[in-house]
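Below, subunit A partners subunit B and then partners subunit C, in two separate complexes.
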Partner chain A sequence: MKDIISLFFAYARTGLKTRFQYKLDSVISTFAVFFREAAGIIAMYLALLKFDTINNWNIDELLFLFSLIFITYGIFIVFFMALRDFSDWIKHGDFDRVMLRPRGLLTQLVLCGADWLAAFGHGTLGIILFIISANRVGIQWNFGMAVYYIVVVISGVLIQGAVFLFFSAISFYVVETNSLKEIFYWNMRKFAVYPLSIYNKFIQSILIFVVPFAFVNYFPAQFFLRKADMAAYPEWMMYISPIVGIVLYILAYAFWRFSLRYYKSTGN
Partner chain B sequence: MSTYLQFAVIKFRNKMAYRFDYLLGILNTLLSFVVYWSIYKALYGGASEVDGVTFSMVTTNFIISLGLSSAFYKNEMFLQDKIKQGTIANELLKPVNFKLRMLFEDVGEGAFNVAFNFLPTVVIAAFFANLSAPSSVLNVLLCLVSVVLGYIVLWQISFIVQSWSFWLFNVWGLITIKNVFVNILAGAYIPMWFMPDWLRNVIRFTPFASIYFTPVQLYLGELQGWDILINFARQLLWIVILYVIGEFCWRRGIKKLVVQGG
Partner chain C sequence: METIIDVNNLCKTFKIHKRGTGFKGAVKNIFHPTYEYKKAVNNVSFSIKEGEMVGFIGPNGAGKSTTVKMLSGILYPDSGDITVAGYVPHKQRKEYVADIGVVFGQKSQISWDLSPLDSYEVIKHIYKIPDKKYKENLERFTELLDMGKFINQPVRQLSLGQRMRADIAAALLHSPKIVFFDEPTIGIDVVGKDKIRKFIKMLNQTDNITMIFTTHDMQDIEKTCERLIIIDDGKKLYDGSLENVKKGYVSSRIIEAEFESLPITLDLPRTEISDVENNAMKKLISFNTDEVSVNELMTALMNTHNIKDVSIREPEIDAIIRDIYEGKIVMN
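On to the complex of A and B.
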């Protein structure tokens, strides 16, 4: 365990050094990511100046909802960047290199690379949104609430990690998975940012059962906020994010282990 | 002129080679539309109009803005890549105007996006969303003219930011920031009607309103008589101003350019 932690820091140090070699450029780029992600929120803020609420969610409650998706992505991308870009690893034969090293395959992949730019951009945005909204949405913060918030953040990271682990496993069969990711992750994430209840039943079902983004932000936020639109869903859904995260991750991991047997190097 | 058209045609054909990409393109555009549509459907909450703006006007605004943003294609890393790789030296030796060549390649790709990405999206969207018909044939023609002018405005803003790659290590960040301003202030993320008054007054003095919103207003027939001319004049004025700035940056950049090795 100690070994793994020191490995993570060693990777992080080199990663940060490479990324922040050009200081001004990295500062501008990080800010650009932050600003790009904030654009949708700014638009929503401006729209709510006119409309006040969306499905009875006011702007503070929305910011709280948004905070979960950005914080989880900021953490997720520190650990799962290699899985996000895994088809490139296979295409360029980099995965062979990983296989030769004396550590677990997935351990190496999870520790080795972080998209620090995205991590800082999304992470800072998420934290700012949380700080702005946390005390304005009527949550009675106590120890239990704080612990549950941390638990749902971890669950959100696991859910998204599981989705990418699943795609990485598919890369063993078909090398090119970027389009799949585009459809099932990035496009679904566009939807997931806003309250689930504004969509039609079909899109809602996808976000609950297929790519369960609803358990990354909507249902956990409902646990804290108890908005009226929760009536459309079974109440227990507010509580099961941790279970969804763990179960999904285990399933994805099992599929990954299974698929690993079919790995053939693309050669070079 | 036909030389430059060839650049557009080649780009168009290149794009045709990737079949699966355009299915994906349609899906991306359609889903973005569904997100906006769902948000405004919830915001309207069944009301037929807000401040005199009907839901179908909002829907039409989004479909036009999305269509235009796929039509208004620009390869924004083009200049930086040429400078980084040093191939800009060869480009400058060719007997074609570099800017025009760049513009026409983008036009070719934009035309492809309209044909294989935007039009299918409109057809699919028309099944579930209530889109407004144009107010008259004349309005469609006026709208198309303003679309061309709007594109030139937007393209030149992009060119100006790109031309800073003569001085900067990487312009990706600045381009991304520029795009945020364009998307919000030009009305791609929020219809101009719903912006706070103070912001609309600021936007009136920027080039952003003439990119997406002027075409939308012309299509819906919101502008009449003199207002139409004033809006065209505003677009033309911005084209001239931006051209002068762009040309200034470009010439200074070319003078400063040092290509290392080859």
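On to the complex of A and C.
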């Protein structure tokens, strides 16, 4: 474990060093990420001024729902950046290098791929949103709730990591997976910004069973907020995010290992 | 000495998506995708002893890189067995790769934006190289590969030759038992090539490292290896001493000549005329100096034809392969 941590820091040092080769670009890109995402939030905020509430969720509750996406995504890109961009790793032959080193393949991919600056952009935004909203939604924080909050954040990271692990396994067969990611991740993420209960049955089942974003933010947020629309779902769904995360990750991992033998490398 | 690499009936086939031409072809392709199967490596067997240095040559697309990738555990073979240093590479990848080093001439193993030294620090962590051994190796390779001047510069500022040397050092820092060089001299100038060849040869002799060296440059092999494996079209054509190949190779020559008029007729023993792409007036004339001297050939050409331009080429790997097919070089 100590060894894994020291490797993580060795990668982080060189990763940051690389980024600071281009100082101006790095600073701008961090701000760009921050403002691009903040613009989305402002747009939602302005739209909500017209409605007051969406399905009985007020603006602070919606921001709380939203903050979970940003915080989990901020941590996600520290650990799963290489899997997010895995097609490029294959195309450029970088995965060959990973295979030639005497460490676990996923260990290397998870430890070395961090995009620290983007993570900083998303993470800061998530934390700001969380601080603003968590104070105003009337959660009675206690030790147990704080622990569960950390648990659901980790589960959210794991769920998104598992989704990208699936995509990267598909890269072994077809290399390019951009449209898949677009449909099954980025679009689903846009849905997840709003409470699950506003959607029709079809989209709801996708968000619960196919790309389980509902367990990244909706059900965990319900644990803290206890809104009336939760009545439409079994109550235990508020508690199973960690199980969903772990099971999904194990399934994705098994599929990834199996698909590895179809890796074709790139020609010279 | 003991066998360290043992390969039996190795096969690897790639499925290639065949794309139709034009709009019609593209549409047809969506509904009826057609595939072509290319046997990249076709039933190849060989074994290599500890400390041996083997040249692995063949034209582009012959299957050299595919073989090296299977030997280094990157690709799964379709069938056949590979054992290297007691491991099955694709099954015991993690344990196995700690014992090997791989250098790809076409693909750098070190980070473009960092200095070689920065990358070496990470490599030290990945391979868990003890401080003392790391320091010794680093000092030694910095000196031998003459890297002192550029070891702190970002790789993107290095020349191709310098980058290659930095890459070779990166693959050796953990003291591997076996090293695969996949076209390590490609695109590098003559002086740079020479430095690399000398270093590789020296390392093989002093450290007793087993090496496989793929290239399509015959000079690389001449300067480094004693044993040669030639593959073409996925099949092993030749496996034996370099000496044996050289006998035929040294006396075969190619003249490239541009004529003012066609056709060309030559009545000399074992002399062949072949076309050059994109230029109908240019011809390649291959001959064997044992049978026809350069003098005789040139006289014959000058007497009967008007020549605009002429140059003598070193025989290439293709010529050797042709000689093997024609039975002029026999495996020993």
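Methods note: the second predicted complex is superposed on the first by the 263 of 268 C-alpha atoms of A that agree within 3 Å, B and C clash if a C-alpha of one lies under 4 Å from a C-alpha of the other, contacts with A are read in each partner's own complex, and residues count from 1 in each chain.
By definition in this document, contacts are C-beta pairs under 8 Å (C-beta built on N, C-alpha and C of every residue); 3 or more make two chains touch, one makes a residue touch a chain.
Bear in mind the structure is a predicted one, so any value in this text is a computation, not a measurement.
**Q** Who contacts more of subunit A, subunit B or subunit C?
**A** Per-residue touch count on subunit A favours B.
**Q** Have a look at where A:R97 lands relative to subunit B and subunit C in the superposition and call it first, second, both or neither.
**A** After superposition on chain A, A:R97 lies in contact with subunit C alone.
**Q** If you stack the two complexes on chain A, which partner ends up touching A:Q140: first (subunit B), second (subunit C), both, or neither?
**A** A:Q140 contacts neither subunit B nor subunit C.
**Q** Check whether A:G40 is in contact with subunit B, with subunit C, with both or with neither, and answer first, second, both or neither.
**A** first
**Q** In the superposed arrangement, which partner chain does A:L7 touch: subunit B (first), subunit C (second), both, or neither?
**A** Only subunit C; A:L7 stays clear of subunit B.
**Q** What is the contact status of A:T18 with respect to subunit B (first) and subunit C (second): first, second, both, or neither?
**A** Once the two structures are laid over each other on A, A:T18 reaches subunit C alone.
**Q** Examine A:I54 and indicate which partner it touches, taking first as subunit B and second as subunit C; both and neither are also allowed.
**A** Only subunit B; A:I54 stays clear of subunit C.
**Q** Can you tell me which positions in subunit A touch subunit C when the two form their complex?
**A** 3, 6-7, 10-11, 14, 17-18, 21, 93, 96-97, 99-104, 108, 261-265, 267-268
**Q** Provide the residue numbers of subunit B that touch subunit A in the complex, in ascending order.
**A** Interface residues on the subunit B side: 20-21, 24, 27-28, 31-32, 34-35, 38-39, 41-43, 45, 50-51, 168-170, 172-174, 176-177, 179-180, 183-184, 189-190, 194-196, 199.
**Q** Can you name the residues of subunit A that touch subunit B in the complex?
**A** Touching subunit B: residues 22, 24-25, 28-29, 31-33, 35-36, 38-40, 42-44, 46-47, 49-51, 54-55, 179, 182-183, 187, 190-191, 194-195, 197-200, 203 of subunit A.
**Q** Going by the contact rule set out above, which residues of subunit C touch subunit A in the complex?
**A** Residues 14, 65, 69, 72-76, 90, 93-98, 100, 102, 104, 106-107, 109, 111, 113-114, 118-119, 121-122, 125-128, 154, 182-183.
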